[in-house]
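Look for chain A in each of the two complexes below; its partner is chain B in the first and chain C in the second.
Up next is the complex of A and B:
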């Protein structure tokens, strides 16, 4: 699938799910807000399918900018997010340039630590640690 | 209850510094509304941002466990979306710390697996809990789990004391009532 046929994905934030703003045409993917839906596997499942379709069409000439600004995610969302970064890392391993901007409150150790783990596990990603005071 | 009994009840709640208590049905909409009021009361609370975040995180994990695993379900047990199940949750303050308690009925068959999941967490150090969390995060989704098998590890990681739990028998049924206390 090429860029021209890939529809962008936008889901507004709800009380328990983040804003999803995936501009595949601009290679900019953003997740923002809180994530504790009842069924995280269902919520992230459809997002992952579209992400995988998009990544399949990316190659060495692509630079993807990923901005993650989540202020809270529950345990089942954490599992799904890990799979999300795993998919990006696989794309990066075959040459796609992926920049991951990790935005978080510097007082939030949990999200800061999760970022460090992502950096260690997914070394093909260009990880940018961005603590920003709220 | 008459008015004077209600006053005794209210005084008890005040003395015990109960910040929040709910007994009834749990659905995602209800949990999300409770999360909103807990966030508001945390804004006023005289504690660190870190404790507030941990308390909120434990609340969500405990309340969503009730939605997914209480044996008193209004929706069919095979349904895994828009579930409605019964339980209770409480947040209180004692000896300078916040704690959360929750309870729900557990099906007879689920008692042993639940006990086996929780028992080891009581004696693990924070380092061991963090290691188990990292391993589980990287493992395949466990069978029978609607979450990620990470819920209790998340709660244990956020707690400042070992988790406390018990199972109380029912007079007329093989199910038991599960009680969990988490101090943050």
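Up next is the complex of A and C:
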């Protein structure tokens, strides 16, 4: 079961980092915007710690809805995003139901194709391809 | 490395493999397990690196395209900021900058010309016809002006030709050829008749200002008008 006392995590978007809205109590995790922070390892490192604590408390009875709407991310953010999806994928492999909603502008092939690669690489996630005209 | 490391997982795997490698007394199973763990990490690293590089190459390509477009737009904007949209001649600001740039190192002859009785053309044929006369006049000046052509439109029907390192007498002769070219034949329809212009010419030595050059040429232009127009004064 999930730790009911676990605090939600909200970080507003900045010029170089995305909005982070992790509502652990509702099992809804959202990343939205652009990501090219000066220190991606530090930015995502603290997020990952809380995510891992949260995931440790999830089991087969949990359905996690993950909404990703990133319009740009640099290389180091990409590396950290892989760690993020890896953590979710590991949880899914032990029975947690994880839905990944991949939102992107249908004209942005780069982000669309990146989503397809995620579907291939993290196959335990239920991937939903959501091209949405802005 | 600091508190956070982009390659935290890889460093951990590397350390574990190094530790195992340093021991020479483990059983084969332990070495095999360690190798298996390392293979899994290495495989993931290769896959991720492949993705990251493809993604970053792609973004770089898109960025290069955008950058080229930006450079092109900046050049177009710079051109528009310095040219008259009707004739493609330099605009007033560009004429001033151009003249002052030349004057920093050289003397400059300046021709200022004004279409005679332009208001009558506009009144008789309409402003679009007046615009057509202006365009044709600049085209006629271009056939005479030396390369690189530095014709400017400084007012509604008032133009300049900036001539760096040209003596006054030479510039005046050039102005006379321009005057003759303008007055040589009727302009295109709908105006369809002879249009003339008056010319004033000045020379300003190196170190002078645009205002000096312009005022001096404008005074000569006034003299040309006073003499009955369709003439050159200096």
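Operating definition for what follows: the second predicted complex is superposed on the first by the 132 of 134 C-alpha atoms of A that agree within 3 Å, B and C clash if a C-alpha of one lies under 4 Å from a C-alpha of the other, contacts with A are read in each partner's own complex, and residues count from 1 in each chain.
Going forward, a contact is a pair of C-beta atoms (placed from the backbone, for glycine too) under 8 Å apart; a residue touches a chain by one contact, two chains touch by 3 or more.
The structure displayed is predicted, hence computed values, not measured ones.
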| item | value |
| --- | --- |
| Chain C versus chain B on the shared chain A, clash or fit after superposition | clash |
| Contacts of A:16 with chain B and chain C, given as first, second, both or neither | first |
| Touching partner for A:36 - first (chain B), second (chain C), both, neither | first |
| Greater chain A contact set [chain C / chain B] | B |
| Which of chain B and chain C A:110 touches, first, second, both or neither | both |
| Touching partner for A:82 - first (chain B), second (chain C), both, neither | both |
| First (chain B), second (chain C), both or neither touched by A:133 | neither |
| Overlapping segment of chain C (options 57-65, 111-119 or 147-155) - the one that collides with chain B in the superposed model | 57-65 |
| Set of chain A residues, in rising order, touched by both chain B and chain C | 39-42, 72, 74-76, 78-80, 82, 110, 117, 121 |
| Chain C-facing residues of chain A, complex | 39-42, 45, 72, 74-76, 78-80, 82-83, 86, 110, 114, 117, 121 |
| Footprint of chain A on chain C - complex, ascending | 2-9, 44, 47-48, 51-52, 55-56, 58-59, 62 |
| Residues of chain A that touch chain B when the two form their complex | 15-16, 36-42, 72, 74-76, 78-80, 82, 105, 107-110, 117, 121 |
| For the chain B and chain A complex, residues of the former touching the latter | 28, 32, 35-36, 49-50, 53, 56-57, 60-61, 64, 67, 80-83, 134, 137-138, 141, 146-148, 150-151, 153-154, 158 |
